[in-house]
Structures are given as structure tokens and as C-alpha cells.
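Consider the two complexes below, in which chain A is the common component and chain B and chain C are the respective partners.
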Partner chain A sequence: MEITVKHLTHIYQPNSPFERLALDDINVSIPFGKFITIIGHTGSGKSSFLQHLNGLLKPTKGEIIIGDHKIVADSKVKDLKSLRQRVGMVFQYPEHQLFEETVEKDIMFGPLNFGCTEDEARRRAREALEWVHLPESFLERSPFDLSGGQMRRVAIAGILAIRPEVLILDEPTAGLDPRGHREILDLFQWLNKEQGLTIIMVTHNMNDAALYSDEVMVMDKGRLVIKDRPEIVFSQRELLFDLGLDIPQTMHFLKRVSDKFGKDIVTPLFRLEETAHYVAQFLEKEKDGP
Partner chain B sequence: MMNIIIGQYVPGKSILHHMDPRSKLLAVFALIFIVFLANNWVTYGVIVILTLVAIVLSRVRLRFIYKGLKPILLVIIITFVLNAFFTKSGEAIFDYGWFHLTTGGLQQAAFISVRLLVIVIMTTLLTLTTTPIDITDGLENLLRPFKKLRFPVHEFALMMSIALRFIPTLMEETEKIMKAQTARGVEFSSGPLTQRIKAILPLLVPLFISAFKRAEDLAMAMEARGYRGDIGRTKLRLLKWGLKDSLLLLVVIVLIPVLVLLRG
Partner chain C sequence: MNETMIDIESLCFKYRNEDPDWILDHISLHVEAGEWLAITGHNGSGKSTLAKCLNGLLVPEQGSVKVKGFFTSDEDSLWEIRRSVGMVFQNPDNQFVGTTVRDDVAFGMENHGVPREEMVQRLSESLELVGMSEFQGQEPHRLSGGQKQRVAIAGIVALRPSIIILDEATSMLDPRGKSDVLKVMHELNKTRGITVISITHDLEEASSADRMIVMDEGRIVREGTPIDIFKEPEGLVEMGLDLPFTVKLRQLLIEENGLNLSEKAFTEKELVDELWKLQLNI
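Take a look at the complex of A and B:
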């Protein structure tokens, strides 16, 4: 299910003093099975873009084509429901959408809405809970007695149980502890690699964008500035700084080393081991003398 | 979601925007009663002209005022029709069974509709040109004398400003939760009625939880910053009464004898 976006423009509250151009002529195509991250300064239109991908927002101009679905300004709600089953969306702070008495019921809510049988929904709830690393005993608990991080996982499980083919994530790790952060991202990576889900994730964390994604989309003031492999995007330091963004820690480190030795050895490396290896090699050469 | 105009401030730099909220509140409050003095074409003419002047001075686009009127337009139309057909005076224009349309009835209907329109336009102008915070500050200040009667003026104003402050937040929250549940297959705007009623729970439960949480956080934050009612409290935004405020009240006061003299 390839995603193609053509001339997507979105204006909030048009023809009022509160009118706001949130997306400005975005053209992009995302092949099936990719892991894409979107970075951009606050207010650059990332969330607005995501909400177009499953028809929660409709374009003011332009169109979005997902598989055999086409979303335009006057798309009907009816056609959108089957799209929403295939494109799952995890909002920022998804724990705010929990409402059922038990975790199990809450996870089953989505699948039931999309026409699953009780049994099937229950089976999926168990499976999804396992995916997000929560013990089965949680099924009977009230979602409101859980910690923030656990609630987040339940909410994500609630979307995974719908079995979407495309998973859209708006800052899914905001406010999680370091371990929870890693576990959740590893889950998304696993879903991408092993289950073949297309993943589109907004993040403010440059390290995550660099480490996990096949391609990075950079947004600024409603426009798509670049979409390319992380090695290429993060080589454009000046541009990223101008847009209020950053480069991954490993590249900051290489820049510092470069400054110390008066030689430019900055190169797009994102993994600690790789970077350590690279720096060690460089130091080795330095020791041997010029 | 955002089409409720009453109570919605439109930023601007007009003379009405710059006035003291107290003068505007007093003027609108007085005008609501003064409008009832009008009872013939001349007096209604004076009031309509005054309203038009106020609209021009506010520099708010007409489209906004129309939007504010839309919800009560039906009420005005019904009032007009009822009055037109049930007042019997003057010459008959049209007579059929128990439908009578008379010149007197038509005039009466026009007058009452104009009265309603003027009142709504004036209040809409007040809220369009005054921030909710200014309105509550003004109200608190005007109600000060009632404190002697043990009316909790400060608490009343605080409650009002908190409520006003959180209406947009609550609306935003509603929209967000609706979207999140829509992504989980809930249909809010289509499907059979039973389906839609079922959709209320997934919306209301999270909404209430977040509202209570917000209230708790706010109470805690206020306490942490040493809030303890209005004892010894000073204001960040001071109300400033200017020449134009006095002028506005003067116009309103002068209007009373003028209308009394001109009315039939």
C-alpha cells in the first residue's frame, strides 16, 4: 500500500481572522514497508500532516492516495472507515483516549468497532498486550490505575490490535523513561521489519530519527524541506540548525573531536559502536604521525 | 467546532477595543433598558443609527456580527411573524380566516425585531471587542460595592474567568479525543442514532477525567503560588478609565432624555 501525497495544502479556520496555513503544497511518496520519521520545529505542521494520512483532517487542496483510497477535500466519511482500519494512528499522549473499565475491554474497543468478533478481539488484545511488554495479568486491571508509561503501552496496544498495515505515530515516546523509550521504539522497529508495517513517526529526538528510519522528512513552516536517507539529511548541519533542529549526538561528538584536532572528520555515523570504532581508527592514524 | 461567536474576542485596534471594559459593560447594560424607551419611528431611528455607529467604530467585519446573529435569527423571525399576525391595529392589509395582517401589526413586529436585534448586536460587540479576562476584571470592579453585602465578588469573578479561560481548552480537548476515537473506528458524525449514542461514552469519560485532572492541577498550582483569595491582592492589569469612556457614558445618559422627548 503505497502512500502518495500530491499538492497537499491545509488551512485551519479559513476565511476568519484565525486563518492559518498549516501545510503548504506538500508532495511526497512513501513506498510500502518503510520506516519514515518526520522532524521539524514546533508548529511546522507535522501533526497536521499525519492526520491527513487517515482522513482525520481533509485537505483544503490536493489529494492523498493510499492504496485504493483517495482522500480529497470532499471525501465521504463512509469511505474513510475502511481506510482507518488499514492506517492506524497513535496520537500524542494516547493514554488520554482510554475509557473502558478494564485494559482488555479498552484494547478490544478498536477491533470491535471495525467488525471483529468478540473472540477474535479478545485474542488480539492478549497478543497486543504481549507486544507492548505488559504481563497478561494487566488485562483485568482498570487502565486508570496504571502508571503513565503503562497507560501509554495499553493505548498503543489498542491501536495495534486493529492490525493496521500502516502505523502513524505522533511523538509516541514523549515523557517516557529511557528504558520505556527504547522498548517502545524497538517494538516499532520489530513491527516494521518482521510484520512488514509501514511506519511514519514524528519525533523531536534526532538520535531516534537517525537510528530507526529508512528516510527522514524535514518540515518547516508547513513545507517539506527534504526527504532523504538519514545519512544525507544529517550531513546538512547548517540547514538543520537554521530550521531550529539538531544533529544526532554521535555527530556532535565527531564535530568536537574534529575541532580539537583541527581536522574535519565529521561523517554521518549514528551508532555508538561504529562511532567509537571510527574515532579509534582516526586516533591510531594520528599517533602514527602525519 | 470553533463557530461559536458569542463570547469570542476578535483582536483589533479600534476605539472600542481600547475602551475600559467597565464603560462598555455599563453602556451595554444601560442600553438594554434604554432600548425599551423607543416606541416610534424617530426613536427607533436614533437607536438604529447609534448601533450602526458602534458597528463602524468597532471595525469588526460584518461577517462576524452576522455569524453572531445567526443562532438567534430564527427567534427574531418567529417574533416578527407572531407580532405581525396577532396585533390588530391600523388598517387591514390582508385578512383571511383568523390571519389578519394590519399596518399596526407590521409596525409593531418591525419594532420588536429591531429591539431584539439591537440588544444582541450590542452584546456581541461587547464580547467581540473585549477579552474575556477584561470582562471579568471589569465586572469584579463594578460589583465591588456588593462585597459589603457579603456577596463573594472576587470568587465569582475568579470562577467566571477560569471558566472562560478553559472553554477553548475544553473544546480543543474534545476535538482531540474525538479524533483519537475516530481513529479507533468510532463514528461521531454518521451512522445510525444508536451507534452515535454509543459514541458518547468514549468521548465523555476521557473528557471528564482530563477536566478533573486539570482542575486539580490548577488548584495545586494556585496554592503553590500562594493564592489565598483576594486579601491584599494587587492586579497586573489595571483598568484605566479615559476620556472616551466618560464620553461613551455621556452619550448613553444624554440618550435617555432625548428618547423621552422624541417618543410618541
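Take a look at the complex of A and C:
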């Protein structure tokens, strides 16, 4: 299920004093099975873009084609329900998505809505809860009486239980503790690599964008500035700084090393182990002298 | 001697009687005026609950919480306590009351009896600080996620409380936004002596605190300067935490690559300086 976006433009509150151009002529195509991350400063249009992909927002201009679904301005999306089944979205704030009395009912809601039997929905709820590393005792809890990170996990579980083909994630790791952060990203990676899900994830964490994605989309003021492999995107430090963004920590460190030693290290490395190894070898070479 | 801002003695709390364990389990903590305290700990360890005990939203079941000398269990003091403690919640939606950004920030000040002229000035100053001036007339729920966090921060800064509690208040900001907001907070901390309590999972952010506590299952299990805490990393990872970038990289350089580095370097700069010396020595 390829995703093609053509000339997508979105204006909020048009013809009012608050009119705001949130997306400005976005063109992009995302092949099936890719892991894409989106980075961009506050208000650059990331969430607005995501919300078009499962029909929560309608374009002001342009179109989105997802498999055999087409979303265009001024006409109803056909088969919205089947679109939402295939394209699952985790919201930026989990509270916006939780509403049932218990965690179990909340996670079961999606599967039931899309035609699963009670038994199957219940089974999926347990499985999804395990995926997000919450104990089974949470099933009976109210989703509103949880800590921020626990709510986030339940919100993610609710979407995973639907078994979408495309997973849309709006800052899914905000509020997770470091272990949860790593576990959830590893889960997404597994879903992508082993289960073939397409993943589109917004993040403010440059390390994650560098480590996990096939391609990074950079947004600025409603426009798509670059879409490329992480090694290429994160080699453009000046541009990223200008856009209020950053480079991964490993790259910061390598830059510091280069400045100190008066060398120009340009290799983009994102893994800690690789970086340590590279620095050790670099020192070795420096020792031997030029 | 500094003035004591917060004095917690053996605080115990649970939300539901049927809970087998305390959510906050015999917490004792002192915070002095002008301090920057970071609180970290796994999801569900009790950080937000502790924060809510500090401004009297929740009251102790056992033990006591004193803010500037007032007990939170004393209802007559709540007004004074809430004036002193400004809290930015984990989800800013829970905090908005006004129909526009401007009203929202003004509302809190009105409640605190700030004179009109001063209100106008503080309003523009605080929105400016977080870069949200151009959104004054917007409805808060129509803002982007990060814009909401900025407005929530402005609302608290405008009140000029003696203590600011940031509960993951920068978790949805872009890299520059985050460093800008933290810079503003550090400045308020230094120049106006505002006490800052920052709850965060970001260990780099926690590393800039004067003091840090680590919570685990409702208890304070570590306390000290960030350097001291990360000097003894044993157990932190088991608690669901991580180590700062420099500490991890240094460990790899020593253990996997056989470099002869000290265990002292804590900032990136210190580590690079050590690498430089290492290279000169041999």
C-alpha cells in the first residue's frame, strides 16, 4: 500500500482573522514497508500532515492516495472505516485517544469496531499490553488513573491491537522512561522489519530519527524541505540548525573531536559503539603521526 | 544558610485504599530557595504524584509537606501555597482555562491579584520569552502540541512564583525550543532566585541540575549531584533509566577499545580534552 501525497495544502480557519497555512504544497511518496521519521520545529505542520493520512483532516487543496483510498478536498472519503483500519494513528497526547472505563475496554474498542469477536479482541488486548510492557493487572484499571507514561503505552497498545498496515505515530516516545523508550522503538522496528508495517513517526529526538528510519522528512513552516536517508539529512548541520533542529549526539561529539584535532571528520555515524570504535581508531592514526 | 522552600517529612500517599503499596512511600526531602532540583525515575514511580503533593492538590496520608513554612494539610494555607508554587503539568490541556492564549495567561494573574498595568507588561514579556507572541488571539486547543507546552510555561512564568515545577514540560519541544526554554528557566533561577523542580526523563537535562533525585516505586533511591549519581551507574539501568551520552561513550572507549581514560570526564568537552591529552602523552 503505497502512500502518495500530491500538492497537499491545508489552511486552518480559512477566511477568518486566524487563517493559518499549516501545510504548503507537500509532494511526497512513501513506498510500502518503509520506516519514515518526520522532524521539524514546533508548529511546522507535522501533526497536520499525519492527520491527513487517515482522513482526520481533509486537504484544502491537493490529494492523498493510500492504496485504493483517495482523500481529496470537498468530497467525502469513501470507505473511511476501512482506511482507519489499515492506517492506525497514535496521537501526540494520549489523553485525546483514551475514553473507555477500563484499559481492557479501551484496547478492545478498535478490534471490536473493526469486526473482531469478543474473544479475539480480548486476546489482542492482552497481547498488545504485553508488547508495551504493562502488566496484565492494568486491564481492569481506568485509563485516566494512570501515570503519563502508562497512558502513552495504553494508547499505543490500542492502535497496535487493530493490526494496521500503516502505523502513524505522533511523538510516541514523549513521556516514556529510557527503558520504555528503547523497548517501544525496538517494537516499532520489529513491526516494520518482521511484520512489514509501514511506519511514519514524528519525533523531536534526532538520535532516534537517525537510528531507526530509512528516510527522514524535514518540515519547515508547512513545507517539506528534504526527504532523504539519515546519513544525508544529518550531514547538513547548518541547515538543520537554521530550522531549529539539531544533529544526533554522536555527530556532535565527532564534530568536537574534529575541531580539537583540527581534522575534518565527515563520516556520519549514529551508533554509540561505532562512534567509540571510530574515535579509538582515529586516535591510533593520529598517534602514528601524519 | 539558605531559606528552606520545601520540607517533606516521611510522606506517604496512595490514591485508592485497596492499593497494596504506597504510591509515595516515606518520602523525605528538603529543597532550598534558589535550588534547581531534577527528579527522574521510571514510568509510574510517583514523580507527578509527588509534584501534586507539593502544591496541595494531593495531601499526605501520613507524614507532612511544608511549603515556605505552610503545611499543605492546612486548608487555610492552600491559597498561600498555590501562590508560591507554579506547576506546568505533563499535559498542558489540563491547565488551560481561557478561550484565547491571552486570556489564559491573564486569568492566572488576575487570580493572583496582579495590577492591570503590570499584567499587560508581564503578559507580553512571558509570551515573548517562549516565542508565542504572535498567537495571543488563538484558542489554546487549536495550537500545535509544542505550542501548547510553550503557552503553559508562559502562564506560569507570568505569575512569578517562588517555586516552578516543570513536569515533563519540554517533552514535546523541538531541539532549539527545548534549549531556549531551559535557558530562560536557568536565567530565572539565577537572576530571580526562583526555585526550579524539573521532572524529566532526559538525562542530559537532569545533568544540568544542582541536585538530582531518582525515584523507584514510590521511594527516593538516589540523591546527590548529577556527577555523583552517574559516577555510580550500577542499578540505574535496572531501574529503567539510562546514563548520559558522555558517560556511555566513555565506558565504551575504556572497556571495548582499551583507551586509558579516567572516569572523571562528564561533559563532552571534558571527554574530548582527555582524548587530546591521551594522544599527546604517547
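Going forward, the second predicted complex is superposed on the first by the 283 of 290 C-alpha atoms of A that agree within 3 Å, B and C clash if a C-alpha of one lies under 4 Å from a C-alpha of the other, contacts with A are read in each partner's own complex, and residues count from 1 in each chain.
Throughout what follows, a contact is a pair of C-beta atoms (placed from the backbone, for glycine too) under 8 Å apart; a residue touches a chain by one contact, two chains touch by 3 or more.
This is a predicted model, so every value here is computed, not measured.
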Following superposition onto chain A, is the placement of chain B relative to chain C best described as a clash or a fit?
clash
Taking the superposition on A as described, I'd like to know which of chain B and chain C A:Arg84 touches: first, second, both or neither.
first
Looking at A:Phe18 after the superposition, I want to know if it touches chain B, chain C, both of them or none. Which is it: first, second, both, neither?
both
Does the superposition put A:Arg256 against chain B (first), chain C (second), both, or neither?
second
Chain B versus chain C as contact partner of A:Gln195, first or second or both or neither:
neither
For A:Thr117, using the defined touch cut-off, is the partner it touches chain B, chain C, both, or neither? Pick first, second, both or neither.
neither
Touching partner for A:Lys287 - first (chain B), second (chain C), both, neither
second
Mind working out whether A:Ser142 is in touch with chain B, chain C, both or neither, as first, second, both or neither?
neither
Which partner, once the models are overlaid, touches more of chain A's residues, chain C or chain B?
C
Where chain A meets both chain C and chain B, residue numbers
13, 17-18
Under the stated contact criterion, what part of chain C meets chain A in this complex?
15, 41-44, 47-48, 90-91, 93, 137-138, 142-147, 150, 167-168, 171-178, 201, 203, 237, 240-242, 245, 248-249, 252-253, 256-259, 268-269, 271-273, 275-276, 278-279, 282
Quick one: in the complex, what on chain A touches chain C?
12-13, 17-18, 39-43, 46-47, 92-93, 95, 145-150, 153, 170-171, 174-182, 204, 206, 241, 244-246, 249, 252-253, 256-257, 260-261, 272-273, 275-277, 279-280, 283, 286-287
Could you list, by residue number, the parts of chain A that touch chain B in their complex?
13, 17-18, 51, 54, 56, 77-78, 81, 84-85, 88-89, 91, 94, 96-99, 109-110, 112-114, 144, 158-159, 162
Which of the residues in chain B end up touching chain A in this complex?
2, 10-11, 176-177, 179-187, 189-190, 201-202, 205-206, 209-210
